[in-house]
């Protein structure tokens, strides 16, 4: 577990999270959430939690994003804040 | 056979819910009977366990998967949890039977899914009360919350918004509890409550255990709608359909308070909570704020069910304040009030269900002239109102009496003042309703019926709604009369030795 | 409201950060979490359940009761989405039809019964997109292999990372890929909502039913050792087979629930025009 | 001087996971409280739940521990009773938090599904997802 790699992934995770919160368009928020989940999946794999990484990749990045996009499809992409 | 009951009372509703959800796609007539049968078995099992625990005096233990102690998940049924189990399964059974007509009318094709969610909600509550594993309690908390969000979400026109607000705050509460369990696990390395209780006394001064306590308490306070974080409760319970409100309102907050008591007593020991942290005083002040806030804002409501939700918030203040007084009277008052308040709230929400079913409105002036047109319902309503106010023959008085004695014994007179103030406000609330129901003529604004035309036709609720309701209102008196026996035989065993 | 939110968040954050020092430092093998209960799992899992993958052993056997309620959580979510979203079937307000030969599109408002299987017209969604050949052919190639991979993950849950949940999600994702690449109605024609409802409750029933069977055989609930007499093997192998049965049930439940939620979410309950 | 900032870096690296968990939790918590758009709150809720995952998994790591799957090599002899002596606990990462986190991920998806369906229903009745516009309609609606 090379701690430099660990730090880079942690910084990327935080950047993705803050971006997913502050971006104005809901569809890109959903995509950023998916990127955030992929970074987390990478973090689990680096830390040795392979089952959690597998689940996070399929569930967090895959299915959650599809649900978010489907929901945005039926509501608006526009947000005020 | 008896030692498998801790598993049966939770697995039977779960299997029935799965069966009903599957069968509801084939033919929906079979759904309701299976649901009632499953709750009946669960109720019978809970009563049998209560009798066994009280007679033998020994807590029942059940190991899932055959693994002992910290390795596997263990259920522990002691005196208080057996009593709360009987209350949960009993109320769920009575409410399901009495709301059969409303389910058929309001939820046409979805009644199979409704009964399945109803059973999942009850199974979640039963599991939470009986579990001896901290993480298992989180999973069951999530099942209860998810089925609760769905049951509330399909109600009036504003129900989805109220349910979404409930979901946000509920998720914050559940995740805080999960973080609290994480802090416990990182400090002790175990998830089993009994195992935690043996390790924690050795780590009394570690900050991680302190934060575990703070997180668990905050999570539970959010889930039981204590004063600062109660925003979700008024909207959620008043917008839900009446069968859903009849199930969720009486049970959720009471089981959360039971879990608070179980965590404070059997995980963080009494010495930790009251001596080491000395957190009792702050919590009682929080409870006083909850009682005053709940009672005052109940005065401002014109909608009957919304008024009830604020009374529920005030009752949460009673129980939390009673428990954190830290003496025997206060704790037994809080534990007895869990049982009494659940039955009282069920009674009042059944009145709301009957009035909405008959008058199609749960606003206050829906009660106009109901004394003449629905005498039996109003009789039960008067009993329930007297019990909430705290008039002797009914059970509400006795638990309030123990709480007041506890407040006096602990020398916390502000708490006693808040209790009395809340009882007076309840009196004002309900006598205002009696005045509307009794004196104002029956249909002066209902088109068609001429006002005051001699004997207005008695339009009582359908028999299937009325009989369970009258049984529950009679139970209020029975509980009141036997409250002394309940306390001495069951509740005094649930209070640990260290409390005077 | 925003300032209040920022203040509380920064306050809580600082308070938590201060107490991070109290944690046992990051990856030391002597931390209480790694020395109290988990050594038993690491040493005895293979001996008790003959399953090298410790996570699957704990997931389905030591804490199998937890996982049963986890499957119930996903089942409750599927039921809740159906309960909240599903609209009654008969609301058919606006329907679009396209004449195959001339390409003329007809918009019919609250029409009666239109002959379904005419060759002349075919029904299209309101947001109809011309079928993209590349997407259709690649997904038609991709989906079978995704499903085979999911079955591989399910079967190898004992020896390699993976198991019931992951297999169920991948299976669900393959059908959702079908629904996205073509259109929702073709996916619904392949897997109807009724089969999804029955399959999801059946999956969790397999899990809870196996546990109940162990109860009926006299052992405690979810104690797969009781299946030894049925499966004709010794108790350790019976536990390993019990874990496999349970994983199959969970995979079935998770797959059908995810597709069910997708059907309801992407068509907002009407289940005719999707994403 | 080099030695000094090396162990300072190790100190930061050692606790970096817990700091990230707290920062993520606060980001999600802030979005849940202060954001105006309902779907933005749902995104914040997802981040709030996944932060707890980071806390649990970073609790389970061990220095020099491999993934929690017992190698076949040292345990070919499957006869019970003899195997447990061979397995060295320090070689494997603590598997219990991984099991708990599988549950937490599944709970996260379940809550997300229900929240999104409720958000669609709210949008259907009020025509907007902004909290202040909805409150405006409630007040004079």
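Per-chain residue numbering starts at 1, and chain names A, B, C and D are given in the order in which the chains are listed.
The criterion applied here is as follows: contacts are C-beta pairs under 8 Å (C-beta built on N, C-alpha and C of every residue); 3 or more make two chains touch, one makes a residue touch a chain.
As the structure is a computational prediction, the values presented were derived from the model and not from experiment.
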item	value
Intersection of the contact lists for subunit A and subunit D	C
Between subunit C and subunit B, distance of the C-alpha-averaged centres to the nearest whole Å	32
Whole-Å gap separating subunit A and subunit B, where each centre is the average of the chain's CA atoms	38
Centre-of-Cα separation between subunit C and subunit A, whole angstrom	19
Residues of subunit B touching at least two other chains	135, 139, 142, 146, 149-150, 153, 160, 185-186, 191
Of all residues in subunit A, the ones touching two or more other chains	1, 50-51, 55, 59, 63, 67, 70-71, 74
Multi-chain contact sites of subunit D, meaning residues that touch two or more partners	13, 16-17, 23, 25, 29-30, 58-61, 65, 67-69, 96-98, 102-103, 106-107, 109-111, 113-114, 116-121
Chains touching one another, given as label pairs in label order	A-C, A-D, B-C, B-D, C-D
Contact footprint of subunit B on subunit C as seen in their complex	16, 19, 22-24, 31-38, 40-41, 61-66, 69-70, 72-73, 75-77, 79-80, 82-84, 86, 88, 194, 197-198, 200-202, 204-205, 208-209, 211-212, 215, 219-225
Subunit D contact footprint on subunit A (complex, rising order)	1, 3, 6-7, 10, 13-14, 17-18, 20-21, 26, 29-30, 33, 36-37, 40, 43-44, 47-52, 55-56, 59-60, 63-64, 67-68, 70-72, 74-76, 79-81
For the subunit C and subunit D complex, residues of the former touching the latter	1-2, 4-6, 8-10, 12-13, 16-17, 20-21, 23, 25-29, 31, 33-34, 37-39, 41-47, 50, 52-55, 58-59, 63, 66-67, 70, 73-74, 76-78, 80-81, 84-85, 159-161, 165, 236, 254, 261, 264-265, 268
Complex contacts: residues of subunit C adjacent to subunit A	27, 53, 55-56, 153, 161-163, 165-166, 169-170, 172-173, 176, 180, 258, 261-262, 265-266, 268, 274-275
Subunit D residues within the subunit B interface of the complex	25, 29, 32, 38, 41, 45, 48-49, 52, 55-56, 59, 96-97, 100, 103-104, 107, 110-111, 114-115, 118-119, 121-122, 125-126, 134, 138
